[in-house]
Amino acid sequence: MPIVTIKMLEGRTDEQKHQLVKSVTDAVSESVNAPKENISIIIEEMKKEHYAVGGVRKSEV
Amino acid sequence: MPIVTIKMLEGRTDEQKHQLVKSVTDAVSESVNAPKENISIIIEEMKKEHYAVGGVRKSEV
Amino acid sequence: MPIVTIKMLEGRTDEQKHQLVKSVTDAVSESVNAPKENISIIIEEMKKEHYAVGGVRKSEV
Amino acid sequence: MPIVTIKMLEGRTDEQKHQLVKSVTDAVSESVNAPKENISIIIEEMKKEHYAVGGVRKSEV
Amino acid sequence: MPIVTIKMLEGRTDEQKHQLVKSVTDAVSESVNAPKENISIIIEEMKKEHYAVGGVRKSEV
Amino acid sequence: MPIVTIKMLEGRTDEQKHQLVKSVTDAVSESVNAPKENISIIIEEMKKEHYAVGGVRKSEV
């Protein structure tokens, strides 16, 4: 039942996302002893114009 | 004031979304006795590549 | 697979929450033609000190 | 370390978003005494078809 | 209509939260030209055990 | 910069949470080639009364 949301900048390949959900599911399953089929993962990509640290967006760096 | 966020796979028709926000607003309003005008609903669509259950993305099923 | 998050001020009774998840699940299921067992609902309660409209928190109204 | 998420309807200019992250970062930094470099801001834009108040989407108003 | 969510570690005073919602509301209102009464702010506090950077929780630093 | 949010039912031990953030950070870092120090993880616990699948809350099962 854990629901995992991963926010990251866009630009990763489909293969990286494939690996990401696979390995994060394994990590959660083993850590909290949850069956894999109960674990959901949502990837939310952000544009560089929409993410800022210290008041400066990544599109402006 | 309830704020409802609905995450679902993309692909629903505009008519389905119309019905969705209407009926969910009614359901929330009646259940917790809140005026409809105080209820906000946000629909967030996910791509099949970005949603996984059991470590497998919907785009890979 | 729709995942519904409902943020609202704390203070509702357990019976209201029971009714809320039941009727919202029905509303989502019928609107977008999703099996009920695929619909998850998360209730997130907010304290009045932690919710503001127009710059004024509900605890200060 | 504060993580600020701003959900709003799409349509703002890049200049407005530039100003938004800058001034919100300043506001958070001063209010809770956090170094600016520790403050992250995420802008999430919504389509008018995906945001409703009172059961009516902004695309239907 | 902007909805702002601020996640931060618990421990701020009520006065700091008062100032936070006030100044962030002003910052958003001026930056994107939105009436203040349309701006909602949600504060979500995290425990140190529940927030990690670099794989280390703040409770373990 | 990936920000990972993990929602799960309350009840896990501190040791499980320690392991969870450690192994998820490793999994994300390796999958998308991000430095560990750029990865934030937020754990959000849910009460059984506040999480439902199929219209039935976990507190009612």
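A, B, C, D, E and F label the chains in the order they appear, each numbered from 1.
Methods note: a residue touches a chain if its C-beta (ideal position, glycine included) is under 8 Å from a C-beta of that chain, and two chains touch if they have at least 3 such contacts.
Predicted model, so just to flag it, every value in this text is computed and none were measured.
*Asks:* Counting one step per pair of touching chains, how few steps separate subunit C from subunit F?
*Replies:* 1
*Asks:* With chain centres defined as C-alpha means, what is the inter-centre distance between subunit E and subunit F in Å?
*Replies:* Here the centre of subunit F sits 20 Å away from the centre of subunit E.
*Asks:* Return the residues of subunit B touching two or more other chains; collapse runs of consecutive numbers into ranges.
*Replies:* Correct list: 3, 7, 22, 26, 40, 42, 51, 53.
*Asks:* Line, ring, star, complete or other: which one describes how these chains touch?
*Replies:* Contact pattern: none of line, ring, star or complete.
*Asks:* Could you run through all the chain pairs that touch each other?
*Replies:* Pairs satisfying the touch definition: A-B, A-C, A-D, A-F, B-C, B-D, B-E, C-E, C-F, D-E, D-F, E-F.
*Asks:* Residue numbers of subunit C touching subunit A in their complex, please.
*Replies:* For this pair, the touching residues of subunit C are 3, 40, 42.
*Asks:* Where on subunit F is subunit A touching in the complex?
*Replies:* Residues 1-9, 12, 16, 19-20, 23-24, 26-28, 30-34, 51, 53 of subunit F touch subunit A in their complex.
*Asks:* Inside the complex, what are the residues of subunit D that reach subunit B?
*Replies:* 7, 46, 49-57, 60
*Asks:* Mind listing the subunit F positions that touch subunit E in their complex?
*Replies:* Going by the criterion above, the answer is residues 14, 17-18, 21-22, 25-26, 36-45.
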